[in-house]
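Lettered A, B and C in written order, each chain numbered from 1.
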């Protein structure tokens, strides 16, 4: 077993463990902090996939922005964080069965397929290429996404503002 | 001079050669990596000891005092005495604290601080990793402390800690925006996001001369990121005692303290790298230049701390969003335009320097105007209130 | 060399954990966290496929960045809605937000 494989297994186990704790923890605030850990694990996976830029973006967007937003929301709606509150609904067992079945099917299909084993060497400069793609081929979607972000920003402020 | 310039690299090469004489290649690599990490950690601790002593001395001198002078000659062992005091203190966990988060916060706070050292070019060829996205990495790592502060503030089960955490988070998020825009200006000029590349792009002119606005904005945003005066309202002793780490003591407090001073060195190092040409400049060895510049920047920060009063929270947020963000955005457009039109060289640098100074002067004039208007309005309101109270007999 | 299937299985596992979170949480913020997990799982798959199958075309990478942007927008609006609901109804338990049922 090579070093990347060991790294993948360690990070994968931590990521999945944190993710399981996110959806099962009784304390929502713990869930939120563990969610940040999950995001960090995913960022490490991106590094393993030779995209350090996306890893940095993942840390910046998910940990620096989304996790903080979620934690703020939890602290603002204080009653939610009460640890004695039941956090799962009546259909949790059914959901568990569905999730496990879904995973079984997906994992079976993935492992049945014969993927080409080796990854090719990275021919293009991924970061430069990404930058050019954003102002070239994908200029329009890129602009649309920025407008969506702006609209979401303004909308979020208007919705959450105290009247 | 060449010998001194390569001193550390030569030592590393010599040591590697020594190891290779009796170890297999993978063990050599492992030993060198582990030693490198250990060196960075030791560097962090030395930095903390040196700069706490320096900070106390500088602030004492500005305040016309002597400062620490008991432990050792000129009190140079004061920092060590402080460290021993801190480590031997009782480690208290408050009742009803969230134990796991309370324990995790001081550990997590140190990680991004140490990781950042990896991309800081300490001298010619002296950089942990030459990442081609180093700038994005620095910004991303700057986001993690926000989480740690919320963690510490919430887990302490103390309203002052939570208030301090909220203030800090508001501050960090607000000042990240002008900081990133100022960084973008530098990236635009250098044409690269690698810290090594940025230093090399400043061979002829340091970016502090090319775009002083970005330099000033980054410096102010850096002070805010460090929670130093005038942005130290998270620990405003007179209002909320000590900010988000009020409940921490002993070793755990020492971790926050360590992270704070490592970050101080890091921000000063980033300012040096981005705006003051990093390790460039002639005669002295490169790593010595870097150290001198970092110490000068830190001295400036300490001077500011000893001189200026603290912002109020609305002033702090208003300053970020109404002054720094527009200023840095206008500057970004200006620099992009000039960099597109003119070729690199004396003319471009001159045009950018002059226009930047004009922009800075304009911004200061507008801010002064606004401040004067506000003061007049406040005075008028006060006089009206006095008139209402005393009737028309007042002079 | 990590095989592609490992990444895909991990992505699938993360996705299913997210699905479980969305289906089983009573708390609106918990549901949102499940959605974020799902989006992350999708991103892992996008990037893994890009890296192993079409490293010369940056489509997977570009889409991953778009997913991140949309996730940020979704979190902002979703949490704003949750805060608004908390203000008016004083709860974030989705079962209690049933005004239209009555």
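Throughout what follows, a contact is a pair of C-beta atoms (placed from the backbone, for glycine too) under 8 Å apart; a residue touches a chain by one contact, two chains touch by 3 or more.
Computed from a prediction, not measured in an experiment: that's the story for all the values here.
The touch graph of the protein chains shown is a line. Looking at which of A-C and A-B shares more C-beta pairs in contact, the answer is the pair A-C. Chain B and chain C have centres, each the mean of its CA atoms, that are 34 Å apart. Put simply, the C-alpha centre of chain A and that of chain C have 6 angstrom between them.
With centres taken as mean Cα positions, chain B sits 29 Å from chain A. Counting partner chains per residue, chain A has residues 57, 65, 72 touching two or more of them. Chain contact summary for the complex, chain A toward chain B: residues 29-30, 33, 36, 52-53, 56-57, 59-60, 63-65, 67-68, 71-72, 75, 127.
Remark: chain C residues 1-10, 12-21, 23-27, 29-30, 32-34, 36-37, 40, 43-44, 47-48, 51-53, 55-56, 58, 61-62, 64-66, 68-77, 79-84, 86-87, 90-92, 95 touch chain A in the complex.
Every residue of chain A that touches chain C in the complex is listed here, in rising order: 2, 4-5, 8, 12, 15-16, 19-20, 22-23, 28, 31-32, 35, 38-39, 42, 45-46, 48-51, 54, 57-58, 61-62, 65-66, 69-70, 72-74, 76-77, 79-80, 86-89, 91-92, 94-96, 98-100, 102-103, 106-107, 110-111, 113, 115-120, 122-124, 126, 129-130, 133-134, 138, 141, 145-146, 148-149, 151-153, 155-157, 159-160, 162.
Listing the residues of chain B that touch chain A in their complex gives 98, 100-101, 104, 131-133, 136-137, 139-144, 146-147, 150-151, 154, 162, 169, 173, 176, 193.
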